[in-house]
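Structures incoming, each one as structure tokens.
In what comes next, subunit A is part of two complexes: it sits with subunit B in the first one and with subunit C in the second one.
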Partner chain A sequence: MKGLAPRVVTAVMGAGLVIGAAIAQAATPQKGGELNIVVGSKIPSYDGHIESTFGMIHPIKPFYSGLIRVNPDNPSSPTDFVCDVCAGDVPEGTEGGTKYTFKIRTDIKFHDGTPMTSADVKATFDKIVFPPDGIASNRKAYFKMVESITTPDAETLIFKLKHPSGTFIPSVAMPFNFIYSKKDLDKHGYNWHQKNVNGTGAFMYVEHIQGSHVKGAANPNYHHKGKPYLKGYTALSAPKMSVRLQAIRGGRADIEFRGFPPKAREDLVKALGDKITVQESDWNCVLLVTPSHKKKPFDDARVRQALTLSIDRHSGSKHLSNIAIVKTVGGIVFPKHPLATPVSELKSNIIGYSDDIKSSIAKAKGLLKDAGQSNLKFTLLNRGVDQPYKVVGTWLIGQWRKAGIKVEQDVRPSTPFYASLRKQKDFDVSIDFNCQSIVNPIADVSKFLPTAGNNYASFSDSELEKTYDRLLQTADVDQQKTLLRQYEKRVLNDLTSQMITMWWYKINPHRSYVKGWKIAPSHYLNQSLDNVWIDQEEKKRHGL
Partner chain B sequence: MYTYIVKRMLMLFPTLLGAAIVVFLLLRLIPGDVCLLKFGGEGGYVDPEQIKMCQLRLGIADPKVSQFFSYIGGLITFDLGTSMWTNRPVTEEIAIRFPLSLQIAIMATLTSIIIAIPLGVISAAKQNSITDYLVRAFSIAGIAMPSFWLGILIILGLLIGTQAYSGVPWMPPLHYKSIFVDPAHNLSQLIWPALATGYRYSAVATRMTRSAMLDVLREDYVRTARAKGLIERVIVNKHALKNAMLPVVTIIGIEFAFLMGGLVVTEQVFNLNGLGKLFVESVTQADYTLTQALVMLVVFIFVMVNFIVDLMYAWLDPRIRYS
Partner chain C sequence: MAITEFNALSADQLPKQKTLWNHVTRMARLQPLGTAGFVVILVMVFAAIFADYVAPYDPVIENYEYMLNPPGTFDETNERTFLLGTDAFGRDLFSRIIHGARTALLVGFTASFIGAFAGLVLGVGSAYFGGYVDLIFQRLMDVFMAFPLVIMALAIVAIFGTGTEKVIIAITIPFIPRCARVVRSSALALRELPYIDAARSIGYSHTRIIVRHMIPNVMAPFLIMLTAFVGQAILLEASLSYLGLGVQEPTAAWGLMLQGGAEEFAESAPWVPIWPGVAITLAVFGFNLFGDAVRDVMDPKLRSQN
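Moving on, here comes the complex of A and B:
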């Protein structure tokens, strides 16, 4: 009987997945209904250009459009982008990949009735790319390649780049690049959008009660005809994971977009059976181990290599994925992206990825002995958040113990954890993470550059910088792949400056009457909600 | 009496100043700041220039002494500043949450009084009987059981019970509506946390009522009343209860003040948008201005409730004269 429960859960869950997919394909979207979302984080401000939290994206993004976006019908693809306020297809670069000409739609209106033109899109990207002194822009660094933004007419927007770049289009598609009205920016200034909303999105702002909820109502003039299907939505703030879980179970919420751990998925499926649909995806977030190179003995590459060799990522993936939101083994690039190194290649070329863990541990012990660190002891700095930090941290300690390394864990709340990791840099070895919205491998791997603002390993390496500079300036995919392989080997093999543990795995169980929403490889993506609809008959079956 | 009130009012200022200094210093001892969290809390690219700009804008980079005087100056002029996380006035953030916390505190206090006083009196009047043992077990269970844990049990009980009964699981609403706007919604959300906290609160008050009553029932004037032939109900209700209320009122007052800002975990469990949840958020987000304002608010409530309790003593016991 003991072994039966998980099998039943899996079977029902599988049925839910299959049934959900079949209905989503077969059924015609229905108009009406309100979607109740639970959100686990708080809204700092409404301004996408300065914020970086999903706590803002989930409730506020439906009010805004972007110039382009991930394809809402195929969000799992990391390379499929479609126009949002532009017309036709996403443009290809011309003039050697240094010029991108977007045709802007002329039939779009802001929620206050003002028609949208290319001037609004230019004003938006001017604010993001070239903010005036004293004005914050959290994604300015992604657009360093942009030389100028011009609008020859009301329907055309041209980005002129300093050099070809493989990061440009994914950067434009980032969900934080809300299109603002030039009129609002001119009249109210650059900080107005922090507390006010006027977008062109599928939903219009109704109310926001701080710490409680945000309400949106369908935009009747939305530019994607026939959408949105929902009459409105309410995004309820619920910081505790257990509350979000019980809210879906108790019918107070229909969906949560960030993701639940495996146990929560099983609990929901067990309680509600086929009334729950589960969508799962690889997640563009990865947990890293960052040693401080300025601290002995972690200034010695042999010691760092011993640490990575002792980690059995393949068995970790198998076992940890039952209890934590990590699963996928990969290198420095999001594993499902075409530029990523396949696992087979990682196994043979990158240290710490071999299937033969016994041999890896023997090598690790040998390296430690050579470095005079056979009795290595250190403290692992970790963040006081269960999923997945503490779970993975505890697992790592067990892995290192097999190589004779004794590790204590120093778990701190987020604020002191960040202070130690990012400001004081006084740790021996720390858990670190890289979590991005759009899958933009070339931009994402900048994390491993010694000069990057978010690299806390405290080292320098001119070869890595040179390889990255070349990578930044090529739009040729084959060359990008070659350079990324070089870069990855330098990071993980030669320097072992940081170590990859496992990539996260996103699990979104939701009420089965919620249709049209498709999981993406990031909790920031595909949040416009214009494709989402409620199957009213199915909802009645749920007794709601 | 008036001299006493004025003296007590004047005592408010050093108490508040002391609390202000302590909270200011303690918060600055925690490494890190709101900008580090805001711009890098979710693991994306962190632009050091943006963090620096944020620290300058919020005054975090200013010398601590200048931050302190600016904070004290704000308190003196009743300007609590703006939240470092939301950039909205702190008074606005508190005003949104205050009605919910006040209502929970009132409901829990009423629950507690309704349970505690009759049970405490009965338990004392029937000392060492089965009833007394049952009341004592009930109250000890209430003290031993954390209210947030009881809250979790209530939610799970509601979900499982309603699913078993009707096939559709039910849980309390997640967002607050004023009792004047939608009483059914309001009560269906708040009755559960009020019961969970009120039970623990009543357990303390029941034990206090019982021991105070036992003391009073052994007094000479109670024996005299019995010798006069008064019936037991009159002795207990008219002569003993009022005199036994002094320590009970103190407990009720302190617990009420605690409920206004101290329901940190219970508010999380029931997802209540109250002052306790705001407290947790402000601390985890290193939002100094908001945390400082909340601490000062709770200190103020504690001081005022104590003051009111002291004044009630005179009414309850005419022998107490403040002059």
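Moving on, here comes the complex of A and C:
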């Protein structure tokens, strides 16, 4: 029944993946060349401390460094961090995990020529962790455990924590923590970086033409010696996916960092064959189903449990991964992190994860009957974005139909969708998401806390809060694991306060002459571009 | 007194009574394109009414075993044929096209009938009363007509939200001033005719004069507008759904089907966007051709040329 074409595409894609990986490992980086990136979102401002969009990270991050970062040679690991502007290895906590001492490199200069010292790093983190009144800091909440930041000398930076914390180091490694010059902050104020750039990154700002592109040129004084390999890069603005796809296909662009859906990957591979390398990864992003507990009948746990029981996640993973950017079945923690609950354990311990969907649906029908909701009807609020929101929304409606639940979909553009989800909270059940940059499980699962600012399920539960408080204050991995399991069971089983659908899956097809860039579990990570290089011989083969 | 004698005529001497078939063939001969349009409309109406019986499969049931199967796929194991292929969710496109006719006609007929009738009443009323009533109504209509149809519909959807009923409202509102303006121009001439004065002088109520004596005389432009509106409404519904602001999944609607397939599957599964595109084109074409024919038949100037 299936044609030959899909098999050919799969074979070529597989070959592309293998060959691409082999070449990437074997070849020696070459200097020179310009990288053309396509970016599907706008740049609200240049200030990493207040922004959360990849539309800013992809074109602007190469201008900046961080204190530490994910290992650019091993970005798929959620626990491998290396120093960026610090020296040596990422420090271990001392004094019972409450003190972190970073040695700061003294050979680093900002693009304007100012030498960088520990005072600049302190000024940066003071802005992020202790912003003055009226100054926004999007990641302030991640650093609640920080008591003080001090600099005994120009080479040393000390973070003193209120209690040991497993979330501290991943929080420091977040790619949004751009290192700013103290001189700039003192002279121009805390809002200057929204419209101006002066970093220590691999590339220096050249120009930004609004709605067109951002250009960067190699920083000759970059602190990671011998890098960057590229002469420069241009980040082209292309909000429509079809435009980004055609840009890569036509050679106008070399790479897109957010990711394409599976069909787009197949089209590119079919058109360009071995001129395309495809990198794929699990993605630290998950779509949730959030029922409003203040609305009847979703105040009844049995009804919420029936909803999760009707969802066949395993079959969804198999089929939806062919048409959408979702794939991996998991619990509340990023499935590839050591703290995540394995699928085998989820199957036996968490409702809605069983392989036996028939039995699950029968249970769901029973629960609905007990709750007097055999003819349950409701409206699913969804965001008007195809990938993966609308695809998953339509799939969920089909899943619920099998349990006799009738669902209509109310798809709204992003602004009214967020207004309904976050402010009015007038929905029955809504699609929601939990997307993060650094994989930081303990911080990431705060989304499920009833008191979290980004939890829209409208409920309260003191047990969940207590478990999370204990989780926050332990640095012991085994204890973290135990507490996370308790927390997960409470969220997904006892309360079924929210439901996990599937974790996203990142697909990055790019021109095969782009080397050195490795996919990470988030589209925010590994975007310094200092490892990226162009294979000129290979590029000639592409006729470009 | 002379008596004229009449001889009874035999049956074959009598002029032949015209049958319905005669009328149909005559219409087909005089208005071949209009007839073709009417046939398309008939097929659509039939599909919409009997969709549950005509469609081979449930249009909303997902079947991932059959994702993106090309047209004419036959599954021997389950003896299933997908005449027009399947979409990304494994749903039969032929069944969705048939059920989509129901959505298209529901939106098309409801929006155009309500919009045109409201416009008829407002247009005739405005012309009949004249003065400040006419002035205020017409300025209001000017405001509405200042916006292009799609922009107006988009604005209304933004206020009311998405879904079939709301799309009907969004399409109905911009139709009202367009019909009212055309109908008013005909009614203005009628208002000055002596029989309207006569009706006033014998004390007929305003409602009676408008409903019994004016509206029937503006039916020609009204019917032309009405048929044109149906095609426009179908196109507008498809446009709104294509933009993600109209009917929502999993409802079968042509614009929505086009939107779901156009960007992602145009290359790898072109049948996904092609069939709803063909359906929209045929439907709009059918109503436009039929509307043109109605205009030709009802316009005395054009009729005399035939």
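We take it that the second predicted complex is superposed on the first by the 542 of 544 C-alpha atoms of A that agree within 3 Å, B and C clash if a C-alpha of one lies under 4 Å from a C-alpha of the other, contacts with A are read in each partner's own complex, and residues count from 1 in each chain.
Throughout what follows, a contact is a pair of C-beta atoms (placed from the backbone, for glycine too) under 8 Å apart; a residue touches a chain by one contact, two chains touch by 3 or more.
Everything numeric here is computed off the predicted structure, so don't read it as measured data.
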{"item": "Partner chain in contact with A:K225 - subunit B first, subunit C second, else both or neither", "value": "neither"}
{"item": "More subunit A residues in contact - subunit B or subunit C", "value": "B"}
{"item": "First (subunit B), second (subunit C), both or neither touched by A:P413", "value": "both"}
{"item": "First (subunit B), second (subunit C), both or neither touched by A:W395", "value": "second"}
{"item": "First, second, both or neither for A:K187, with subunit B first and subunit C second", "value": "neither"}
{"item": "Touching partner for A:A247 - first (subunit B), second (subunit C), both, neither", "value": "first"}
{"item": "Intersection of subunit A interface sets (partners subunit B, subunit C)", "value": "242, 413, 416"}
{"item": "Contact set on subunit A toward subunit C in their complex", "value": "1, 3, 241-242, 261, 263-264, 266-267, 270, 315, 318-319, 322-323, 384, 386, 390-391, 393-395, 397-398, 401, 408-413, 416"}
{"item": "Subunit A-touching residues of subunit C, taken from the complex the two chains share", "value": "60-62, 64, 67-70, 73-75, 88-89, 158, 161-163, 244-245, 248-250, 263-265, 267-269"}
{"item": "List of subunit B residues in touch with subunit A within their complex", "value": "30-33, 36-48, 50, 53-54, 85-88, 92-93, 96-97, 152, 155-156, 158-159, 163, 166-171, 173-176, 268-271, 273, 277-278, 280-281, 284-286"}
{"item": "Parts of subunit A lying in touch with subunit B, wherever the complex brings them together", "value": "38, 42-45, 50-54, 134, 136-142, 194-195, 209-213, 234, 236-240, 242-243, 246-247, 249-253, 271-272, 285, 413-420, 422-424, 433-437, 443, 446-447, 452-454, 542-544"}
